[in-house]
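Structures are listed in the sections that come next.
Both of the next two complexes hold subunit A, though its partner changes from subunit B to subunit C.
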Partner chain A sequence: MELLQEMSELLQKGKAKKVKALVQQALDEGVDPKEILNEGLLSGMMIIGGKFKNNEVFVPEVLVAARAMNAGLSILEPKLVEVGNEPVGRAVIGTVQGDLHDIGKNLVCMMFKGAGFEVCDLGVDVSSDAFIDKAEEMHADVIGMSALLSTTMCQMQACIDRLKERGLREKYIVMIGGAPVTDDFARQIGADYYTPDAASAAETARSVVLEKKSA
Partner chain B sequence: MRYTDFHISISAEEVCRLLDGHKSTLGGELAEELEEMLPEAFERLEPEAFLGVGDTEGVLYEEEAEEGQEALYVITTVGEALSGWSGELFREGDCVKAMLADAIADHCLFQMDRQLREPVLGLCRQQGLGIRRRLEAPQDAPMEIQKKALQVSGAGEGGMEITEGLMYRPVKSACQVFLLTRDRDQFFWEHDCSGCPDTSCRMRKGRPPVLEVETVDRDGLKRRRIRGHVQAGQSILETLRAWGIYLDAPCGGRGTCGKCRIRLVKGELAVTEADRSHFSEEELERGVRLACRAHPAGDCVIRLKEAREDAFYIPGSREKAGEESLERKSAEKAGRKGVAVDIGTTTVAMELADLETGERPRIYTSLNTQRQYGADVISRIQAADEGKAKEMQDCIRDVLREGLARLTDGGKEHIDRMVIGANTTMVHLLMGYPCHSLGVYPFMPCSTERIDTDGQALLGEAAEDFDVSVFPGVSAYIGGDITAGLYALDFHRKEEVSVLVDLGTNGEMAVGNKDRILAASAAAGPAFEGDNIICGTGSIPGAICGARWNGQQMELQTIGGGAPVGICGTGIIEAVYEMMEAGILDETGRLEEPWDEEGFPLDGEGKIRIFQKDIREIQLAKAAVRAGLETLLAACGVEARDVDTFYIAGGFGCQLDIEKAAGIGLLPQDCVGKARPAGNTSLEGALRYLREAGGGAAVDEIAGKVREISLSTDRNFQQLYMEYMYFGEDEE
Partner chain C sequence: MTPRENLLHLLRREGYETVPVEFMLCPSLEKSFQEEIGGPGADYMEYFGMPWRRVGELIPEDTDITRFYPYYDEIKDNMEIDEWGVGHESSPTSMHMTKMHHPLEDAEEVEEIESYPIPVYTEEKNVWVKDRVKELHEKGLASVGNMQCTIWETAWYIRGMENLMMDMLSDEELAEAVFDMVEKMSTDRALIYAKAGVDILYLGDDIGMQHSIMMSEEMYSQWLYPRLKRLISKVKEVRPDIIVIYHSCGYIEPFINYLIDAGIDVLNPIQAECMEFKEIYEKYGDRISFHGTIGTQTVMPFGTPEEVKENVWGNLDIAGEKGGLMVAPTHLLEPEVPWANILAYAEACREYKKK
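And then the complex of A and B:
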């Protein structure tokens, strides 16, 4: 559909106001909110994410696109609730206990939304139980943990141990990230996935959640 | 110790770089958004640092741990308001501004890191310590060191917190740890981040180059060996400056004066254009370079002659050459005391005075260390424009603090008052006023009003509590030093017309009496202070200060009577006069062959010569002063012969020979016999103001009475300037 195609392109260029206006126009014309979300907004965000991974665009492009998406979502979200849209998946994301850094975590939240997730941002200094309780409450698919310091990385392990204790480990996909985190560390503590950046985190989450659901 | 004296600027370019914006086509767009954010960013920014020295027990990795090892712990923070801004914006859904806010905070934190060098060094110097290594957790030390830093630095009491994960709150805070050493000639303050695992880091610099300096004295004897890091982007001259090594650089590091000479002993320093224009192939081959142009890419060892500041002889108000510049008489009486200060572009003089008896027991003189940023006021204004205003303010504050300490016996003696006479640029730099408008047409000062403040406002919280007055000035180029001079000489009360000529770099002059005073400033250049002259030097021991032609050769007189090392202002004037008389120099200022090529040798060995270029500098300088003076006299409607007294002020180390000065046309013939050396009139004025009741009203009255004649737009001046360029008999 031409209107949604245009919306996607404007989103990639970061034209927040125009995207918002087009979302309104599409709604007024009676386009299905789900279609607006998938064809108009998320498709544009996916393209930007892909280009970012290939070094075709840089951080600023991703940011302005995400801002345009947020602008569109602000009027689309109530309609999505009305029609009972099911997100790709649900994720609880936060920075682990003892750690106050939130910039990376914020970017991950942003990219998850752009991949069609319903995201609960738990903020910083989040305890293991807080992660798990919220995940239980919102029927999440993914628990995403961020840590910036070598002294706080161990909290990721603590959360995974706590999941096991509560018998919930298999229920969730556990993803971790942050400056000192590595693939090896993820394997060592028994996390499911480590990704080096926010864009690939969202992409990985989307594909494994879709796979899990279709299985 | 808490430190908050940061001067943060936010550069769109740097912020964008932190976000990879320089690679993106959206860089410009980001810069626009950033612009909108700036006012709020500055409102939120509350930069603070905490510094403290403590032991290192239990907070070092094994290889660093050493018995009795001490460290300087430093924590910097941009404050909670700026630190949390990014998160707030994210929650509002504006991820672009949020990321910009994050980058702004980082950008501020990096600047603070740089600007801390001075207080860090200050603390080390105070304790007689050097810096052995800079550590950062967790690469170089366990994270536990952050907790120790919080305690030792006092940041904890200052309101900062640390989490169980050893992370600071506010988040945008940083911890620096400097391992200290008893060897005070070590300056390894840069962080070697080559071991950091984050190889994609935008701030990655790798191992900083190490500079090693061997200094030698005048006789070539080794004095000391100093080692440390060169900060990225800094020249060797700037590095030396930060280490407290003084290398003369009258041009302020522009590569034009050729004086900041160093020799490369080991390593590599690319030969620059400036090097080529000052040194021969053979010298370049030997490793001779200009420190101000040298940017080491790798480790290197250099050798240099250290100019000892105390070797500079600077006249106070009542001194004659050869006397001790720091006199000590018994001043233990309990009378109220004050300090008079003259801040000159080149030198600073301070004198202690008893406010009741007028006794002046001690005088202190020093170079104005701002000279590292350029010899004249214009280069200082330029340096201020380039962001060095804060450094220059610190320079002059340090000189004043040191002088106060020396005059008051380390603070044992209490002073009630301080009065400062200084030119307009010096006042701007001292008070931290923006200098930009001083340097561009129409040359407007921020203020020339009399300033009444106190010691703590002027010199920081540690200073004693005393009143401070700064002389009012007239304009950008007629400053408080001239007001002070006129006040000292009673211009505003006299019936007869007097003239004041200050033969400093700016060549200020005034003509008048109680009815009116006209003043002007002629850009004489620093030739009379020995700068700009190839073998020129300041008034230091060994400087040629007088010369006489005996028919075969020059008989020389030097300051202190030792072997000549260079030629100072009075020496140049005398030598030029004698050369003119002896026919070595013609009327147009041309040196006869073969001296026009090789220079005329003053000493027997031919080590000290006067070159054709030097003569031209003198011609420009003397023509400016003389034409300025004649223009002023004409504007006043008086002739030189009608003038009662010519007061000749200036920073000469010795008495100026008026006949010879008139002989080369610097002063009118009519002033011979009527000229009076007035010494440092700015300092004299400050001394008078210290003691005189109602001095404030009097100096304001003088400043208000003075009218400036602008020479640069005066037709008459231009004409006279050309005429007085030549040597020869005075027409009058």
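And then the complex of A and C:
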């Protein structure tokens, strides 16, 4: 559909006002809100995510695209609720306890949203129990933890240990990321996935959750 | 040679006699140094014979930070406002780290930027810097004017990184106003340090992430490169002999040629986890020197003392006998770094035998 194609392209260029206007136009023309979401907004965000992963665009381009997506979602979300749209999955995301860095984590939240997830951004300095309690409350699929410091990486292990103590480890897909984090570290602490950038995180989460749900 | 002369020769790639030891400790390591090694009140920089000292922070004309209060809804008890008006909120679990609050986060109009009470720095208020430089030189130590947040970081601290990045793409006038304001302030600061006679001007703005650059080359060359180049050229006009060190964490290889062209002399820290020192040295080592290269995400916290030593010696070998590498940990040493590794680093510097 031409209108949705245009919406996706404008989103990639970060044109928030125009995207919002096109979402309104599409709704006025009676286009299915789910189609607007998937074909107009998320398709654009996923293209930006792919380009980000390949170093074709960088953080600023992702930020303006996410702002345009959010502008569109601000009027689309109530309609999605009306038609009973289910998100791809639900994720609680935050920076671990003792760590106050949030730029990387914010990007991950944007990318998850752009991949069709309902996201709860718990902010920074998040305790293990706060991650788990929120995941339980919102019936999350994914717990995503971020750390910038080698000092705070150990909190990721603490959260996984706490999940085990509470008998909930198998219930969640645990994903980790952040500057000092590596694949080896993820294996060492028993996390399910490490991804090197925000776009790969969302892509991995989407495919794993969809696979899990279709199993 | 005094430690100062040795260091300046090394940074200018004119040979050196001894390998300088240099690192910075977080408050908890500084405490354990005094408790276990140096004794009460001991200064670790003196204890380890470090060759340089920062001359100290410049004093702005107006030191009353209450002028920034209107930019915040609430000034919490655990929040401090710095001289630029940036808020730093501490948390009981976050040690020496703070969460930043940006005074111009909500600004929508250029006028709001232009009326921001950015500090003004003058030579008159900072005549003490000359005395401090003289005092250090008399002790045989190099003097450093520290401005590791120069343009980009200072601007993002004041405006918020996400906002400023978006402004650069969609509200150029606003971004321009923020950068102009900061460039003017930073140029004034740099010139005060330079005229006071510091040996080294330590600039820096993070422009790299772990695996990629923070913004496109196009955006960098539009917004940041010309401003850095202008600042350095003004400094070198008054002090052609000054050594300009530039810091950026992360992977920044695509920007190194821009930095060299802007006039930097030394690049810090060549984060070991993000860039291969050997490769960087081979490409750029004839034009600039380096400070850092010993990984603080890997070998310093998690390696063995032997691995630390091997890293130090390996990198010194790459730089060779003319110098060009002030080998040091790439970042402030954080609480989890064992003392055995810090001592191994210092020993490795002292024990190094040139090839």
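Structural remarks
Simple rule for what comes next: the second predicted complex is superposed on the first by the 215 of 215 C-alpha atoms of A that agree within 3 Å, B and C clash if a C-alpha of one lies under 4 Å from a C-alpha of the other, contacts with A are read in each partner's own complex, and residues count from 1 in each chain.
As a working rule, a contact is a pair of C-beta atoms (placed from the backbone, for glycine too) under 8 Å apart; a residue touches a chain by one contact, two chains touch by 3 or more.
Just so it is clear, the model here is predicted, and its values are computed rather than measured.
Per the definitions stated earlier, placing subunit B and subunit C onto a shared subunit A by superposition produces a clash between them.
By the document's definition of touching, neither partner reaches A:Ser200: not subunit B, not subunit C.
The partner of subunit A that touches more of its residues, comparing subunit B with subunit C, is B.
When the shared chain is aligned, subunit B and subunit C each come close enough to touch A:Thr151. Touch criterion not met for A:Asn38: it reaches neither subunit B nor subunit C. Using the contact criterion defined above for the overlaid structures, shared-chain residue A:Asn85 touches neither subunit B nor subunit C, since it reaches no partner.
Once chain A of one complex is fitted onto chain A of the other, the partner contacts of A:Ser74 are limited to subunit B, with no touch recorded for subunit C. With chain A used to align the two structures, subunit C clashes with subunit B at 2-10, while the other stretches in 2-10, 308-316, 416-424 or 560-568 stay clear.
In the superposition on chain A, the residues of subunit A contacted by subunit B and by subunit C overlap at 14, 57-61, 63-64, 67, 97-100, 102-103, 106, 125, 149-151, 179-180. By the touch rule above, subunit C contacts subunit A in their complex via residues 91, 93-95, 97-99, 161-162, 165-166, 168-170, 209-216, 219, 250, 273, 296-298, 301-302, 334-336.
Subunit B contributes residues 16, 19-21, 23-27, 29-30, 86-87, 90, 93-96, 98-99, 102, 138, 143, 163-169, 171, 197-198 to its touches with subunit A in the complex. Put simply, subunit A touches subunit C in their complex at residues 14, 55, 57-61, 63-64, 67, 97-100, 102-103, 106, 124-125, 149-151, 179-180, 196-197. Chain contact summary for the complex, subunit A toward subunit B: residues 14, 57-61, 63-64, 66-67, 70-71, 74, 96-103, 106-107, 109-110, 125, 148-152, 155, 179-180.
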